[in-house]
Amino acid sequence: MPLASYALGMMEASVYAPEVFARGLPSTLQSSAVGIVPTGSIADAAVPLLSLQGIGLSFGGVVALADIDLSVLSGEIRAIIGPNGAGKSSLINVISGVYRPGRGHVQLDGISYTQVPTQRLAHLGVARTFQNLALFKGLSVLDNVASGLAYKVRSNFAGQVLGIGRSRGERRDSLSRADQILEFLDLTAVRDRLAGTLPYGLQKRVELARALVAEPRLLLLDEPMAGMTASEKSEMAGFVRAARDRFATTVVLIEHDVGVVMGLSDRIAVLDYGRKIADATPDEVRNDQRVIDAYLGVASDNEDGAGI
Amino acid sequence: MTAITDEFSSAPVLPKWIAPVLLLAFAYGVVPLIGSSYLFEAILLPFLALSLAGVGLNILTGYAGQVSLGSAAFMAAGAFAAYNFYLRVEGLPLIGSIVLAGIVAAAIGIVFGLPSLRLKGFYLAVSTLAAQFFVQWALTKFSWFSNDSASGVIDAPKLLISGFAFDGAVGRYLFALTVVSILTFLAYRLVSSQTGRNFIAIRDNETAARIIGIPVLKTKLLAFAISSFIIGVAGVIWAFAYLRTVEPDGFDLDRSFQILFIIIIGGLASIRGAFFGAALIVVFPLALSRLGGFLLGDVFDSGVLDMSQRIVLGALIILFLILEPDGLVALWDRVRRRLLFAWQST
Amino acid sequence: MIADFDYQFFIEVLVGGLLSGVMYSLVAIGFVLIYKTSGVLNFAQGALLLFAALTFVSLVERGVPFALALVATFAIMVAIGIAIERTVLRPLTNKPPITLFMATLGLSYIIEGAAQLIWGTQVHGLDLGIEDVPLEVGGVLISQFDIFAAVVAAGMVLLLSLFFRYTRIGLSFRAVADDQFAALAVGLRLPLIWATVWAAAGLVALVAGLLWGARLGVQFSLSLVVLKALPVLVLGGFDSILGAIVGGLLIGASEKLAEVYIGDYFGGGIESWFAYVVALVFLLIRPSGLFGQKLVERV
């Protein structure tokens, strides 16, 4: 994977927005959240931001997930890979509360849930993107991104209609933050277009922007590069990394394309038929015989079209 | 059915408030002087009432994506509530009765909107029929609502606002125009506010909306409440300013469909669209009747007219859905752009 | 109070309700057929029913023999069904379901208008040769016509299930209902299947139209029986024939019982909305209906 194509300009943005770092990240990470975290050192240091314990899920007798444990540390980019139907998306849906697992818990920031309350997800500092585009087609790109801040809105509809109270300030604030994110992800040129009219790759990026605008502590990306060309993929990988570096966001990422994931993530969990068959650093996963059998063997002749 | 959010986006060179202001100036300053009583009674008054109902339904269906087949019920609720408030509450001014009537309609809207919290699509559309049948039944069954008049007919009170009587066709026109203008302006502000964008978000992708933290349940009920409020006030205009005498049967399922057709033909998720659609719905039967009488003479009796109206209306709906899903508004904008372009290039 | 309870009368009301429920089911089945293959809630089903009954009656009144009129009407219904599929639904392929629904709403206006423009608006009596005298079965009075209707409806359901279970095209129908793309991929001829289904829906409309027409007289309000079928569909699920039958029976029975036993407390006339309330309350407990598929949200 040609990592050289990362937009290097994005990486220097880490001095931006000091308040990002004042949001109660584990103190051990405050210093190391900027830049690429050395994976070995945090693995045994910090309390995980997210951990799954014994997650099981089935649909009408078909087992989608069986006894999955997973821990995600603050500041890392954590990939979940696996062949089609391995249960990757189901796992993201469990973490974001869209599915209620049949067994097990999701522990977020020290609090344990049997089903994560979807409607409070944003308040918990969790944002996600979707495998199939889930933009609001009838809204402009700017409004799509600004909608990522809708959970914070306190003004009511009457105030908004009459333009009184805090509604004006809120609107100004969310627009300026949306604009910053658009600039960060190089989307300013399409700011006022209706989201539904953009090409596929850009829509994926707008979804990332909508998730990022709330500066979440945990960002769940469900196949952010599915259906992209190789150069779009590496561009997207660059954005994901830059987003982590700039906002100190922890990233959980599902991807089909092993090459992209190897270069991007700190640790990788591999799913196959709903079970976790490996969970280690990219190098270790690369050499794991079970992973090679289950997955990598097929990836070589599926490099570009994977995951469509 | 993609929504256009930048409402009132006029010609690129003009500020967007110019067109509505000019239109209002014309409607207030010129129309009352030149209009015939036929124009007011047969065209403008029903047009204004139905436009407002269309604006209300568009908020719910066009923006928030919740299909309702019970609009006429909320019109009826508004009309009968205003009548009773005005009749039974001593000293309550007309405006007060109208606002309270809107609130009653909104409350009924919330009750019948509750199923939307669990139901989607067709299931919800069918359940809004419950509102249609229940309200119509209640108004017919309990004569208290119509002050014990025969067959539930109510007569509108005089339109008095702080001592000024809106008499005659022109007076009632000005009254309706004022109410419709104010509510339309507020509706326009609403759909371009955060709440309006939340409506669209829920319509376009409910799961994503929930996950980014939009309060989906609250927002849906709010859409039902606001929409029903506006439709309820439209019912008051229909009863008090247009017909002056109404009965529950005038607010039947066909009326609900008529309002749905208005927003489909005019353009879903467009405030202007409701006015375009209402204009077409009001004018086309009159035009059809003239045309039919002219072409076919005596064969074109009222029965034939009624049937051919249904056929043409049905065909219009299908044609718009297939050829111009964004409605007359999109058609108008395109024509205007062409004209502007042609004008600029000469 | 309990001692006064007239069980025989209760059973009479119940049976009457169940039998009229069969009539609701009959209309609802027409919806289910279309919904399963095209995902369209065909609001025009009521208008089709009116058109069928009106055409049949008008032909018979003009001296066409009963059997010939039946065949001719069936042929016309099939032609209309195919025309609808070609001209309205096909251009709207891949549009949201609610758009398709609105299109069928427009369609119902066209068909109702056309039916009455062609055949006139007067009310026609329709005599199927079944006397509507009550039969006594085990001490309970049951309308002979209701029994006839129930038998016809049962035969109809049997016929349809045999068709869909044992014929090639019927099996294709089930494949399409399961997964349109997959069906297309393995080379099933969707247009043929759609045409067949619309023809079947036309047949159902004809049978339902004749039965309802014989009961109520053939007139405009016949198209309103669609409003009776909708709560049945909500209750039974839009995609289940079994649901349409059970839903129809439930709605028919509860409606009649409510009308007789609690209607007076509401001043009567509650049948216009009671079925909807039953369906709504039920839906709040089970959002996908009795037998409808529970959809897993895919995101």
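All chains are identified by letter, namely A, B and C, in their written order; residue positions are counted from 1 within each chain.
Keep this in mind: a residue touches a chain if its C-beta (ideal position, glycine included) is under 8 Å from a C-beta of that chain, and two chains touch if they have at least 3 such contacts.
To keep track of the chains, here are their UniProt names: C = Branched-chain amino acid ABC transporter permease.
For clarity, every value in this text was computed on a predicted model and none was experimentally measured.
Centroid distances from subunit A, each centroid being the mean of CA atoms, peak for C.
With centres computed from CA atoms alone, B is the chain lying nearest the middle of all the protein shown. Rounded to a whole number, the gap between the C-alpha centres of subunit A and subunit C is 49 angstrom.
Between subunit A and subunit B, the centres computed from C-alpha atoms are 43 Å apart. Chain centres here are Cα averages; for subunit B and subunit C they lie 32 Å apart.
Residues of subunit B found to touch two or more other chains are 207-208. Each of residues 297, 299 in subunit C touches at least two other chains.
Across the assembly, subunit A contributes residues 98, 130, 134 that each touch 2 or more other chains. Interface residues of subunit B, counted against subunit C in their complex, comprise 1, 67, 115, 118-119, 121-123, 125-127, 129-130, 133-134, 136-137, 140-142, 207-208, 253, 257, 260-261, 264, 303-304, 307-311, 313-318, 321-322, 325. Considering their complex, residues 41, 88, 91-92, 95-99, 101-103, 105-114, 116-117, 121, 227, 230-231, 233-234, 238, 266-270, 272-273, 276-277, 279-280, 283-284, 287, 289, 297, 299 of subunit C touch subunit B.
Every residue of subunit B that touches subunit A in the complex is listed here, in rising order: 2-5, 186, 189-190, 193-195, 197-198, 200-201, 203-205, 207-216, 222, 226, 269. Considering their complex, residues 96, 98, 118-123, 127-128, 130, 134-140, 143, 146-148, 150-153, 155-157, 160-163, 167, 170-171, 194, 196, 210-211, 214 of subunit A touch subunit B.
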